[in-house]
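Listed below are the structures to be examined.
One chain, chain A, appears in both complexes that follow, with chain B as partner in the first and chain C in the second.
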Partner chain A sequence: MNTYYAANLLIYAGVDIIALLALNLQFGVSGIVNFSFIVFQAAGAYTAAVLSLPPDSANGGFQIYFGGYQLPFPLPWLGGAVAGGLLSIPVGLVVLRKLRSDYQAIALLVLSIITNEVITNARPLLNGAAGLALVPPPLSDQIDPNTASYQYFYVALTAVCVVLVFVLVNRVVNSPYGRSLRAMREREIAAIAIGKNPVELKMTVFIVGGVAAGLSGAILVGFIQLWAPSVWLYPETIILFAAIIVGGRGNNVGAILGALLVPVGFEEVTRFIPTTIGPPGLIPALQWVAIGLLIIGFLWFRPDGVRPEPRHVFDGAPVLEDVDHARRG
Partner chain B sequence: MLAAAEAPAAERPLLAASDIHRHFEGLHAVDGMSIDVPAGKITGLIGPNGAGKSTFLAVLAGTLPASSGTIVFDGRDVTTMPAYQRARSGLVRTFQLPSEFARLTVLENLLVAAPKNRGDSLFGALMGRRYWIDDERRLVEDARVLLKRFGMSAKESDYAGNMSGGQKRLIEIMRALMLKPRLLLLDEPMSGVHPKIVLEIQHYLQDLRSEGLTILMVEHELHMVERLCDSVVVMAQGKVIGSGTMATLRRQREIVDAYLVG
Partner chain C sequence: MDLYVAAFGFGLVSMSVIAIAAVGFTMQFGITNMINLAYGEVMISSAYVAYYLNKAGISIWFGMVAGALFGAVFSFLLNRIVYAPFLRRGTSHIGMVIVSLAVSLMIANLLLPIVGYYSVSYQDTTGGLIRAGGIVLTTNQIAIIGVAVLLMLLIHGLLRYTRLGKAMRATAANPTLARNCGIPTQRVVDAVWLITGALCGLAGVVAAMNSDSFAIANGAGFLITALAAAVLGEVVAFGILVAVMVLRPQGLLAKRGALAAAG
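And now, the complex of A and B:
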């Protein structure tokens, strides 16, 4: 395994872990079916790209985009995170206030499709379908990005972000605030009756998740150095949902497992199936069938996922074995 | 002097709703209801099916907005206040159908309702466990006192969704009590509950009244209403058709015809 492939895998894993921790907070813990999640990752990626790229007249003007500020690291990453959060505000205000949760999911799915279409077709904005290329990697003016040590450096940067996001999300999920979020997920009308404001809770979680999604996009674009509408089509969100369901809704460790098993593991494994089998496009299409079967299979046989949401037992509680025994009896 | 100054406050009803209307399209579910809920008493709200009792309760709690009318709670106009704020101000409701948080444990169902936990905000949560653990420990103690009183200590770590119908009722009442309410709005707290637990709930409610809690309850079981309620309001077709003690109501011909037959 060469360095680049290893770094590539690890960075994709890191990006997917950050994304899934965010989606788990929104969907697994709080019950918000954010079918436009990938849009917030894209917002972070595009923002980081235009913050780090030179003006579009550079490189012979072969691509057009707004911005081009050539800001030094870490500003593009921070900008990507902020962009994900900022975009969450208007979207959340429109979708999360009045609509019932099933309609929220539909509205967000449609939003994802529309956004992708608009960016694809409005070329002056972000270079349309061709997307942005030659995005400068962080600190590439100081370290040569084409070296093995840079690859490991990038892995380390990603790891720092993963740890940071994991610690913060874990604090939220395992706090009294996280308990309020779970209560809202379980029964919103009863949560209101005990003084919770669901709009405020949902908006907060939506924005926090948007920030993490934006950061994940910024990390990814700095590594692959390009970003185009074809990498953030709405089915990418479905893959992330599959990962949450496989890993275990509401469990942060499950979200990490889901990231390693589905977007990283599953896609890597199926990559090695020769594409010469059957008519062209068969294997990629079957990959989607497999994702669908994975979701259905888990919902059918193991709806709580590999790592179910932990039950919170407090110090001084009656011993667990007794409780389990009482329930079985 | 002091007694004279306090007298009006003591006589003032804790909750006064006047001329409340609630329309669904053409249907007048609540059609000009006025009611005073005296402090420290249990008031019953009875009436035939479809009289608008649950709708009225929902309007009082803010779950449904009133089409018109005013609601004054503890001297404050709460007519347009959102439901969650009314709950925080001490006007707390329960539901006709079980409404536990199924995938939270019994203890968590109580804890989640407790106000004043430093960890119950994004900021507090991000600060970490050490920032809020003192509040949490105090509230766990409070909740365990309630669990013990309601005989559910052994169940604290079980998921609330696995409890029986009667236990879910108790969880809901305990959860409401964690908010330290001034007025409890109970929507048929005895429905679908095992007779043994009905009796328990009755005793708990009497105890809570003697501790000064005010209760307004919708209930179908008239013997229960007679035993529990200090006064009763009879509702039919969205209006008040009578009020008083059960004994006086039984003597009023039109009320007996409308509802109390049998």
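And now, the complex of A and C:
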């Protein structure tokens, strides 16, 4: 296995882990079914791209986009994270306040499809369907990106971000605040009754998740150096949901496990199946079918995932017969 | 001005197509309380069934019937094999939404290797032109409007005047109570999936007829249109859609406050 392939795998793993920690915070811990998660990742990626690219007249002006600020390294990544968070505010305010949870999921799914259509067709905004290419990798003016040492450097940068996000979400999940979130997920009315404000909790989680999603997008775009609407179609979010369901909802270790099993493990293994079998497009299509089966299979046979969420029970708490029922409820 | 009149004519046709899809979706959701995100994919599958029949030289009108039958059987099986077992287990609303999204992904990708990526279109779907006061429509478009009106009346009649319709309304209002009153809710739900599946399949064929060409990727668009019309239908009467709203059995199925917070 050569350095580039290893670095590629590790960076994808890092990006997926950050994304899944964020999605787990939203879906696993708080019960927000964010079907437009990939849009926030895309927002971070596009922002990081336009912050680090030169103005669009460069390179012969073959692509059109706004911005092009050529900012030095940490700024595009920070910008991407901020963009993910900022986008979460209006979306959250519209979706999370009044809608019932299944309507929330649908509104977010539709938002994901519409956003992709708009960006695909509005070329002057972010170069439309062709997307942005030649995004400069971080610090490429100081270190040559085409060296093995740069690959290690990028892996290290990604790892730092993974650790930061992990520490952050771990603190949230294991704090009293995390307990409020879980209370809201289990029984929203009961949480309101003990004085929790579900809208406030959901908005906070939505924004924190958006920031992490934006960061993951910024890391990814710096590495692959291009970003187009075809990489953030709504089924990409379904892969992330599959990962959470497989790994185990509501716990961060499960989220990391899910990231390693589904987007990295599953996709990487199936990549080696020759695509020449059957009619064109058969193997990629079957990959998606398998993702669907994975979700349905796990929800049926092992709804709590490979690593179920640990039960948080206090010593001496009364044992409720309907705890299991309530958990699903 | 002529432009607006002509656009109104086309609007009437689109409205008829959307109305069929939306009534099917609303009825499915209203009675079974299941948001079936695979609806758009069932529509497109049925459109392809009609396409292959049409390609074999069978008239598109028979194709429409075949599409409706296919949609009915497909939706019925979908419920029996996937949704109903999950619902019996007490899977939450959200769980069901995720399951149906996974199903939709699977249908689209199972269909893809069979039908390919390319856009296709039906043969002999235009017919002669008919002009009436600035509105220019083909006979087939007039027929689509006719089919939609007929279906609305049939559905209205079914819900309003038949025992099955009464049982459906009772099941929609309170399934447990309905069961306790001796209504076989299981069979009612089966009937609902068959009827709404037929509407869904028919809507798919009609939508494909009304557009120049269609491809597998249109499934998501069909779903969004049906969702938008179903949601709008519950909240506001909107532009030209008003006409449809009058014909829709909306008063019987409207879920008041469905958009408000649960509980």
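The working rule: the second predicted complex is superposed on the first by the 312 of 329 C-alpha atoms of A that agree within 3 Å, B and C clash if a C-alpha of one lies under 4 Å from a C-alpha of the other, contacts with A are read in each partner's own complex, and residues count from 1 in each chain.
We take it that contacts are C-beta pairs under 8 Å (C-beta built on N, C-alpha and C of every residue); 3 or more make two chains touch, one makes a residue touch a chain.
All figures in this text were calculated on a predicted structure; none of them were measured in a lab.
S.K.: Just to be sure I read the superposition right, which of the two partners does A:285 touch: chain B = first, chain C = second, or both, or neither?
M.R.: second
S.K.: Please indicate which partner A:180 is in contact with in the superposed arrangement: first for chain B, second for chain C, both, or neither.
M.R.: In the superposition, A:180 contacts chain B only.
S.K.: With both complexes superposed on chain A, which partner does A:144 reach: first (chain B), second (chain C), both or neither?
M.R.: Neither partner.
S.K.: Is A:189 contacted by the first partner chain B, the second partner chain C, both or neither?
M.R.: both
S.K.: Once the shared chain is lined up, is A:100 touching chain B (first), chain C (second), both, or neither of them?
M.R.: Touch partner of A:100: chain C, not chain B.
S.K.: Quick check on the superposed pair: does A:204 touch chain B, chain C, both, or neither? Answer first, second, both or neither.
M.R.: A:204 sits against chain B, while chain C stays out of touch.
S.K.: Where on chain A do chain B and chain C both make contact?
M.R.: 189.
S.K.: What residues on chain A touch chain C, complex-wise?
M.R.: By the definition above, chain A touches chain C via 31, 33, 35, 98-103, 105-106, 109-110, 113-114, 188-189, 234-235, 238, 241-242, 245, 278-282, 285-286, 288-289, 291-293, 295-296, 299-300, 303, 325, 328-329.
S.K.: Name, in rising order, each residue of chain C that touches chain A in their complex.
M.R.: For chain C paired with chain A, touching residues are 35, 37, 82, 85-86, 90-99, 101-103, 105-106, 108-110, 112-113, 116-117, 220, 224, 227-228, 258-263.
S.K.: Can you list the chain B residues touching chain A in their complex?
M.R.: Going through chain B, the ones touching chain A are 61, 63, 82-85, 87-88, 92-95, 99-105, 107-109, 111-113, 115, 117, 119-122, 124-129, 132, 135-136, 140, 144, 153-159, 162, 175-176, 178-179.
S.K.: Mind pulling up the chain A residues that touch chain B in the complex?
M.R.: The contact residues of chain A facing chain B are 168, 171-172, 174-180, 182-183, 186-187, 189-198, 204, 208, 309, 311-318, 320, 322-323, 326-327.
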